[in-house]
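A single structure is presented below for examination.
Order as written gives the chain letters A, B, C, D and E; numbering starts at 1 within each chain.
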Amino acid sequence: MEKRLIVSSSPHIRSNITTWGIMLDVIIALIPATGAAVWFFGLRAAALIAITVISSVFFEYIMRKILKRSNTIGDLSAVVTGLLLALNLPPTLPVWMAIVGASFAIVVVKQLFGGIGQNFVNPALAARAMLIVSYGSRMTSWSEPLSDIVSSATPLEILKNGGEMPGLLDMLLGKIGGSLGEVSAIALLIGGAYLFIRQVISWHIPVVFCGTVFILAFVLNPDGFDILYPLYHILSGGLLIGAIFMATDYTTSPMTRKGQIIYAVGCGLLTVVFRLYTNMPEGVSYAILLMNVAVPLIDRYTKPKVYGGGTNV
Amino acid sequence: MSVIIPVAIVSGLGLFFGVGLSIASKVFEVKVDERIEKVREMLPGANCGACGFSGCDGLAEAIVNEGVAPDRCPVGGASMVKQISGFMGIASGEVVEKEARVMCDGRFDNIQLKYKYEGIEDCHAANLLSGGAGTCNFGCLGLGSCKAVCPFDAIVIENGVARIISEKCTGCGKCVEECPKHIIHMVPVTSGFTVFCSNKDKGAVARKACKVACIGCRMCVKACPSDAITVSDFLAVIDPEKCTNCGECAKVCPQKCISDSRVRVTA
Amino acid sequence: MEEKKGLLSIFTNGIIKENPTFRLLLGMCPSLAVTTMAKNGLGMGAAATFVLVGSNLVISLIRKIVPDKVRIPVFITVIAGFTTIVQLLLAGFLPELNKQLGIYIPLIVVNCIIFARAEMFAQKNGPVAAVIDGLGMGAGFTLAITLIGSVREILGAGTWMGIPVTAKLFDPAVLFILPPGGFLVMGFLIAAFNKLADRKKSETETQEETGCAAGCPGCSKAMHGGEA
Amino acid sequence: MKIRSFRGGVHPPQSKNTLECETIKMGIPEKVVIPMAQHIGAPCKPLVKKGDTVKVGQVIGDTESYVSAPVHSSVSGTVTSVDTRIISFNRPITCIEIKPDGLQEVKEDIKPPVISNRDDFLKAVRESGLTGLGGAGFPAHVKLNPPGDTNVDTLIINAAECEPYITSDYRECIENTENIVDGIRAVLKWTGISRAIIGIEDNKPEAIRKLEKASKDFSEITVQSVKTIYPQGAEKILIRTLTGREVPSGKLPANVGCIVMNVTSVSFLASYLKTGMPLIKKRVTVDGSSVKNPANVEVLIGTPIEEVFNFCGGFTTEPGKIIMGGPMMGVAFYSMDLPVIKNTNALLAFSDVHAGLPEETSCIRCGRCVKACPMNLLPFELDRLVRAKLYEEAGQNHILDCMECGSCSYTCPAKRRITQSIRIGKDALKRMANK
Amino acid sequence: MKELFAILIGAIFVENFVLSKFLGICPFLGVSKKTSTAVGMSGAVVFVMVLSQAVTWLVNHYLLKPNSLEYLQTIAFILTIASLVQLVEIVLKKMIPSLYKALGVYLPLITTNCAVLGSALLFVERDYTFIEAVVFGFAAGLGFTLALILFSGVRERLETCDIPKAFKGMPITLVAASLVSIAFMGFASLIIP
């Protein structure tokens, strides 16, 4: 048969941005934080991260196979989910629990809803919340950085229950207790800057999120006025990793600028409420998850004004 | 005494509300469509909301006014669905059982392709691009838009042409509406011989487009003993009301575009 | 129900084909709320079965006397009466279980299963069939929520009916005895039921279709008036 | 000078390889095929039949209908057939095929039109056969005669050729600068519009300089450079960029006081007023990875595209896809027999490597399409709704306001075919409306 | 005042009727397909909850308690609620058709909404005063509203998701509810001032 020309609908050219490329950028941006985690918590941390990532990819592969759907491990999204989940785990967590978390993230949160782009809450965060609810004590037992000593407190716990706070420099570098990836503020900020430069994320969500936390923590400080207090809130716990990497997850954040700002303010507000008014020292995960749930509604009410003055319904 | 007080209170409450309600319902009466009431009575009345409507009244209204399927109610079970469907069927006056039929046999062995289509698997999308990739401009595009809308999995795409599995077809007509080429028609289930072509071009053009295109030669018209076939726009159409399924038309058709659809059903 | 059914089929109907929890999706609230333990499921199921059987019987008996207009309030009263009886019985004999189940016992009154069966079955059938239907539905409900309770208890607390079963295998995930676990287990069990029902259906379908197994090439030949 | 722009848009690679290619005239083809509908509006009825001899500039198709423009013969020769073919739209169109005799005898009655008032002018514009040369092909006399309830104060000349590859308007600015200015002045004079703004992208300094120089004596004409971003040259977008006005949904530019004309259109108008020769030829950019010698070619209307490609040295590799127009909004064709028509501004041929589209994956809701959409729509949402067949909801989300510029599909990292899906939705809505 | 605030916050967030007490699951799952219906339903629920709390409290306090007939609660309450809802429906239909159109169509669903009866039973259990009972009803209604409206947004999105066949419909809805419920776990340890 003679050769036939291709006919397709315009446009006939495409940009070279791909899902794969975006995910790769996120992974690159997480390298400093991952490095910091391995530096501070040793090989055990490296093993935990590797196993979480591998099992995420494995579950993604298996689920797509079972559901008889196209294979999507090539888009690297499962790697990102696994990596983010691993960085949100305490260094002492038993490996099998991390695997349970990865299966929850990929199977229940992501693939049951149709896979990439269709989950309505962030898989890594939902898995973390699920692990916290299920294995509360394991998920909150921390270890001292650069040693094997099991310590009892993260800066946020100290902030809540009293005690001596670590120095600002230690907090910036990450020489504090906490989840693998959340300790080193500087590594996270480097990653954030990379994502911003690569135009993978815009500044709106991280900056408004952190800004809201800063202002509210400053105003609601139970011990009176102290500029250090809100700063501690920013630098400790999962705020930075949450604001830069989790709250900006495309799938579970609003589409428009206006929506993103409302969403980020909501995240900040809920974070402060959870940190100050509940028994838990940390609330970033729940705050983002709750705002994830609200995203469809935010999207619905923040549709842009159409050219020519029409409004979206 | 200890028995009388509770009984008195309960029946008192019952009486009070009963009387109050019946008075209220009389005073505030609002007329409702009779059919809605009838359907409402056939529904279970659990008001559980599992159907997605506001209780049984809401579903009854939706069934009557919006044509929602009664199987939305998970409570009633099959017998209720049948009962309501029957009631609605009688109400809308449908008696003849019909099924859908794709009036095209432009399989890949019968037609050529003008181009290689790249894009969304949807007949409308392809139709927007110079009327689709096939050489016949009237034929099935084979991208399965009808299959996608069929609620009963009754359509398969074989070799570039949609085919309807008549055992599964309920005659809902969704595919008829969907087809951009308008080549799916509703015919009585008893209808046998069918012209499997929709090409309205002149004979020569049609023949070039598809090996089994109707060229409007009128051989079948002459052969038909019951005057059931008419040709307009170079296309033969069999009137199922007059057709006796004798098969004379199929015998004479030079293009072999008339065949007995029942053969496929029972084969 | 016009056609006469065997009493046995009425009974099994409620357990499998029209399982109130998994197939009809009725009575979700108690199915989720009290199923943190298998035992609670069993207790709740028994209580609901009692009310179901009782109200089905009474309604079936009085169905001819009650005018249509007031049947709904009457049904509610009957159901509420039986619920109160169960409540008092439980409080008297099984105070522990009563405490566990809490307000969900009186809430049987608004359980859609009971009302739906009253409307759909008891109202149209004789007392014997109605009682059997009540038993079947009750059994189906009981089995279903006991199953949910078992899964949640084993995964969430590592015990079954209070007996430790998984102590050595893994740490129980508390999530499962909390509300999210309820939704989750319920969702998975219904999906599993769907899958099973689907498989059954497709089995029968493939059987039907084997009649046409060699059909398609044959058919298309037939379509061309026996050409070739 | 201040450079103006709009919100949204994308930056596809410019690929303007033919910027410096001076227009070459192509000779008389073996045959010409002239469709009776090369514009938006009623198709023309053929005025000649098989066997007739025709001359250059002779009217061979016309209609009574107002929204239409006559069709002229581009060659002298013999009519060999009048039949129905499927050319550019999804409907059969009557076409007149002419075999040229090579003499190019000009029809005797061709002479410059005499114009003394607005009506004369509009009549002449219609007779010239001019339809919008930029893209859609809207008859020019209709455009220049807006409904009575509008008050047009600005003539916008669209020289923002934002599609990649195409340089034919740019060549017009360079080669026929005087004609452009003359054409603008004629339009302003006879329609009574007070000012004209030439909108041109800031990556064409040479053209800007020439236009500024040619128009410096006429204060009513301003040259305004605009940012180089796609789709700057879309009518509604250019209006907003230049005047800040937004054309309401379903309204005409005239409703906000603007008329937009393509730069080649006004230039042709000037030459028509001087010579009386109607629209029979067109400058076409020929480019693409398969084309041996990319060029700007002046082609007689009706020339089969195969001959145009051959004129440019043929193909280096066998093409996998042929596009009439630019790569963003152009239409892909399957046959090399198609003729060049009035609004053809480019012919692109791509080799197999560049012809196919990447595979579609799931939307990741990254929001790039929302950011790119110049109409402020939610392309991802429209895509989702159309695929779920929720056409009415898509309509409520202004799917009909989409101008199919393709920015969303271009920028999508998941390579969703958003524009195509929007077309399906618009088509479905139109069908529903017709019912 | 402080107690009322505690009741309010508690009933909306901490012991959210739907997500942590499993009350009103049927309408939660049934009517959450579209945000618009969810809003209507929520309005109707809040309205009826407040009204029924008031009336059942009066029935309990002035009819049952003095005669020590607490064991008749279930019957008395359900009768009261059922009749009340029907009365409201009939009256609205005639008197304020516009409001009926917005809320009334959801009223039949409320009779069997265990949230209404549940909140009545709970105020007895907790020995609330009249004001407290009404506020409790209002707050529980708001909690229901919050969950329902949030969830309706999620479900509208689920509508076009590519969900595995066995999970289509109720199962995926329950899994989604589970995830929403996990998100609400954040409120579980809220310290109420």
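Throughout what follows, contacts are C-beta pairs under 8 Å (C-beta built on N, C-alpha and C of every residue); 3 or more make two chains touch, one makes a residue touch a chain.
All values reported here derive from a predicted model rather than from experimental measurement.
Student: Moving only between chains that touch, what is the shortest number of steps from subunit B to subunit E?
Tutor: Step count on the best path from subunit B to subunit E: 1.
Student: Which chain pair is joined by more contacting C-beta pairs, C-E or B-D?
Tutor: C-E
Student: Please tell me the distance, in whole Å, between the geometric centres of subunit A and subunit D computed from their C-alpha atoms.
Tutor: Their C-alpha centroids are separated by 48 Å.
Student: If you average the Cα atoms of subunit A and of subunit E to get two centres, how far apart are those centres in Å?
Tutor: From the centre of subunit A to the centre of subunit E is 34 Å.
Student: Rounded to a whole Å, what is the gap between the Cα centroids of subunit A and subunit C?
Tutor: Each chain's C-alpha centroid was found; their separation is 40 Å.
Student: Residue numbers in subunit A touching 2 or more other chains?
Tutor: Residues 4-9, 108, 114-115, 118, 130, 133 of subunit A touch two or more partner chains.
Student: Can you list the subunit B residues in contact with two or more other chains?
Tutor: Expected reply: 10, 14, 17, 46, 48, 50, 114-115, 118-120, 125, 128-130.
Student: Counting only residues that touch at least 2 other chains, which ones in subunit D make the list?
Tutor: 332-334, 356-357, 362, 387, 417, 420, 423
Student: Which two-chain combinations qualify as touching?
Tutor: By the stated definition, chains touch in these pairs: A-B, A-C, A-D, A-E, B-C, B-D, B-E, C-E, D-E.
Student: Inside the complex, what are the residues of subunit C that reach subunit B?
Tutor: 1-2, 18, 23-26, 69-70, 72-73, 77, 112, 115-116, 119-120, 208, 212, 215-216, 218-220, 222-225, 227
Student: Residues of subunit B touching subunit D in their complex?
Tutor: So the residues of subunit B in touch with subunit D come to 114-115, 118-120, 122, 124-125, 127-131, 137, 149.
Student: Taking the complex as given, what residues does subunit D use to touch subunit B?
Tutor: 86, 90, 92, 332-335, 356-357, 360, 387, 389, 417, 420-421, 423-424, 427-428
Student: In the complex of these two chains, what residues of subunit E are touching subunit B?
Tutor: That would be residues 26-27, 29-31, 33, 37, 40-41, 59, 63-64, 67, 69, 72, 75-76, 79-80, 83, 86-87, 90-91, 93-95, 105-109, 111-112 of subunit E.
Student: Can you tell me which positions in subunit B touch subunit E when the two form their complex?
Tutor: These residues of subunit B touch subunit E: 5-6, 9-10, 13-14, 17, 20-21, 24-25, 27-30, 46-52, 54-58.
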